[in-house]
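Just passing along the structure, written as structure tokens.
For reference, chains read A, B, C and D in written order, and residue numbers begin at 1 within each chain.
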Amino acid sequence: MLRVDNIGLRYGSGPEVLKHVTFHMKAGDFMFLTGPSGAGKSSLLRLLFLAQRPSKGTIKLFGTNVEHLDRSELPRVRRRIGLVFQDFRLLDHLSVFDNVALPLRVAGERLSSYRQNVLDLIDWVGLAPKAEVFPDTLSGGEKQRAAIARAVIAKPDLLLADEPTGNVDPVLARRLLHLFAALNQQGTTVLIASHDESLMQAMQKPILRLQDGVLRR
Amino acid sequence: MSMQGPMFPKDAAPLRTLVAAMAVMCFLAVLAVGAIILIDRAVTHWSRGLATELTVQVREVSNRDVEQDVAAVLAVLKETAGVREAEALPRAASEELLAPWIGAEGLDKLPVPRLIRVLIDDKTPPDIAALEQQIAAAVPPARLDSHRRWEAELRRMAGTLSILSWLVLALIALSAIAMVVSASRAVLAANQSIVEVLHLVGAEDRFIARAIDRRFLSAGFYAGLIGLAGGVVVFALLGFLGGAEANGVAEAARSLFYIPRGEGRYLLLSFLAVPLAAIIIALLTSRMTLMRMLSSMP
Amino acid sequence: MSMQGPMFPKDAAPLRTLVAAMAVMCFLAVLAVGAIILIDRAVTHWSRGLATELTVQVREVSNRDVEQDVAAVLAVLKETAGVREAEALPRAASEELLAPWIGAEGLDKLPVPRLIRVLIDDKTPPDIAALEQQIAAAVPPARLDSHRRWEAELRRMAGTLSILSWLVLALIALSAIAMVVSASRAVLAANQSIVEVLHLVGAEDRFIARAIDRRFLSAGFYAGLIGLAGGVVVFALLGFLGGAEANGVAEAARSLFYIPRGEGRYLLLSFLAVPLAAIIIALLTSRMTLMRMLSSMP
Amino acid sequence: MLRVDNIGLRYGSGPEVLKHVTFHMKAGDFMFLTGPSGAGKSSLLRLLFLAQRPSKGTIKLFGTNVEHLDRSELPRVRRRIGLVFQDFRLLDHLSVFDNVALPLRVAGERLSSYRQNVLDLIDWVGLAPKAEVFPDTLSGGEKQRAAIARAVIAKPDLLLADEPTGNVDPVLARRLLHLFAALNQQGTTVLIASHDESLMQAMQKPILRLQDGVLRR
């Protein structure tokens, strides 16, 4: 499903941000990724959703070595991955509805086929009254929930979430993690970067610990 | 409910700048194209006015009958294709011309040349040089005066003007390209984060390119419309406001709206070419910039 | 260590578009100003060429001595300020002129008018109309021929051109203003979040305005330089490349670089006015946009 | 010091985001502001740092009613307030050093006078190796620390921080809160919006609880 082999990463000529990182996830796994600020969690996730190429090592996604994929094949791979960015990356000129629906639209699906699903999910994350609103008027936690809804709307095979609960209250955080767990039950492989020790403990899932770019189990 | 919003914002400041730049480009280019056409018409108009009337002088020479010579020249002229009218002027007309030189007193004793006024058909003018030789061969003391010097001077000036306005059109086009390129890049730079999100969410390059093209096409369409309309308004104002003074500009500007058969198509085409060029430049730039942007994203 | 960076980014896409827009505006305006000056010089040049040479005809009248009349006219001319040279042409010159009209044979029996060639000082031409009357009063059979018709025709054409190029300058200025205004707004829109942070962190409005002015001033400076240089290069190329063909443009373009005393200041000023205007427009727009932006922040 | 009297806020013609909010802080107070996502915490802070005008009620800052202040007097008031935005709002074209130094520069101080202070503070929040770097290459937690450094550099009389520890690990979060506490000891009044219950409990400070725009003590 997902196999990371002896990966190294440096930005430009800077220091190594990731060193010899090796791990794998089977289909249906649910794991946390944690570590102090600046440890390289976001960088590792960026490699996994193909926003960045590693300086060293190989990444296998869905059974194929990513390096061997043609550029034109990458969009299809990306569409199987759901993403929650640490800084949300909502499109400010689109309504919450359109933001959440984005992965479906990009995949060429028609409005009529996904309209109800999108509205249901928006309702589920508690944004029903904000569906028509533009992101710049949302509160921090509301933005984060919209970003999560966008990541899961297409029922991806792999879900990568970068601190998806940093801006919401503990109650809501638990609710959102249940969303991930439900998705996981349906077969989605989930990897979540988080700082929230209590939340991670509550979920009782394996935890990858990064420190200065090195993975310690 | 607001659904299916545009992939790229419709009304951002950089896009508005692009529209302004393209509109200004179109406007100036329409002005330049119009100026070229105006100058061309004015030259045709002037040189026609000069060329439609020729004069033949027939000198009175001691051993020839001047009246016979005039008749001979008229005969030649009547047979020439492109000559609409040829008319011998009375002796008085010639005397009037010579009076300031010689004084009226001496004239009646003198052999005064006869004048023949020749009107030429605008559309199918005769070969003036050939006609000149023909007349000289038939009647040696006759001379064709075709106002050549005048025409040459005007043509030289018009040629200069024509070169200048083409040059100006070229320079406007070049600077417009520079500006549109820069404005298009700014539009794409402003939308870089959107491109990135779309890319990461799994959009094909084609999908992103089509969405951006749509923005540029509608921007180009409005800009072209504004620029074209502005140019036409200027020429219309030139034509109508300038009416009081008969200074040639107004007349020529008005003539822009009088489109003779056949020519209309080209005039329209050359005006439409301007916004089309703007749109194509904007599209090409945006496409190139987008592709460079995307190729930097793995 | 990188410290004290500029308050607003130096090299953002919207700023580059503004520089491009201002540079293009300056370039086109320099072209238009140059064209106006060129046309003005060309007209002066042409009409001088025509006006520097006058001809006086003195007719041979039965009861007067033509040689005395010629001498009298020459005397009048010598006393006239602005006449550089006056010279009676030999009778042969007059006969040559009349020959095509009358035929060489009859001429020796005829009273042929004498011609006086008059060269006028370019800088301080005499009052032609007054001179005409003076000559006619002194010597009734003498007539001054000042090529007026020619001059009038050329002046009309030049006037038309002059109006057109002023109009083009005005239109370029207007569209440039529109463009610079739009580009300046885009620059400020792109920097809105910076303005907001500075405002919230306690910056005085003056502080923010000064920081932005600095960007616009340096943008305007570079744009002006580019535009001015571009314009000068075009005129230089016109002057040097056009050398082979003596079509008037090259000569006139070259003359742009020959700056007579006194005039130089104005020429330089009119060229410099162009980037200055661009900078002032950009500054005003940015200031107005900034103030509107700030006043929307409590 | 800070007195909020029966304040109401609505954005445009939307619903009331804050209703009848009344509270006050004495000089030297240290308080937390909490409540579920979308409760109005950020909105309340925005009112306090004068980024927004209330629809109703009055705000007194440093003893003066804000409404009675002339526009030209506001910058001086703002310079007495330190801000941590929920979304950081670092200036991307300035180095971390310049971002942190911004409030001093805006106040007209000279580089030579603050250079060492800024470097020391950057070191204290653990960003010493990043002082020259531009914010877009920082990790989420690094951005947050730079934002905190910017808020405290001028030793403000009032510190308003909107979820200043949402993106950092618990160890670092505690360290940063100690920074606030140290400042508080020197006389700064501190108000922190947070979701982190364990952190708030550890500090043992009074907590304002917002819910749907209403304050419950």
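Rule of thumb we're sticking to: a contact is a pair of C-beta atoms (placed from the backbone, for glycine too) under 8 Å apart; a residue touches a chain by one contact, two chains touch by 3 or more.
Bear in mind that the values here come from a model prediction, so they are computed numbers and not experimental data.
Per-chain Cα centroids separate subunit A from subunit D by 29 Å. Centroids built from CA atoms put subunit C at 67 Å from subunit A. Put simply, the C-alpha centre of subunit A and that of subunit B have 63 angstrom between them. Shown for subunit A are the residues in touch with two or more other chains, of which there are none. Of all residues in subunit C, those that touch two or more other chains are 12. Contact topology of the protein chains: cyclic, one closed ring where each chain has exactly two touching partners.
The chain pairs satisfying the stated touch condition come to A-B, A-D, B-C, C-D.
Residues of subunit C touching subunit B in their complex: 12-14, 16-17, 20-21, 23-24, 27-28, 31, 35, 57, 59-62, 98, 100-103, 105-106, 110-113, 141, 143, 156-157, 159-161, 163-164, 167-168, 171-172, 175-176, 178-179, 182-183, 185-186, 188-190, 234, 238, 247-249. Against subunit D, the residues of subunit C that register as touching in their complex are 1-6, 8-9, 12, 193-194, 196-205, 207, 297-298.
Looking at the complex, you find that subunit A touches subunit B at residues 49-53, 72, 74-79, 81, 83, 89, 91, 93-95, 97-98, 101-103, 105-107, 111, 115, 131-132, 150. Subunit D makes touch with subunit A in their complex at residues 11, 34-38, 41-43, 86-87, 126, 137, 139-142, 144-145, 162-163, 166-172, 195, 197-198.
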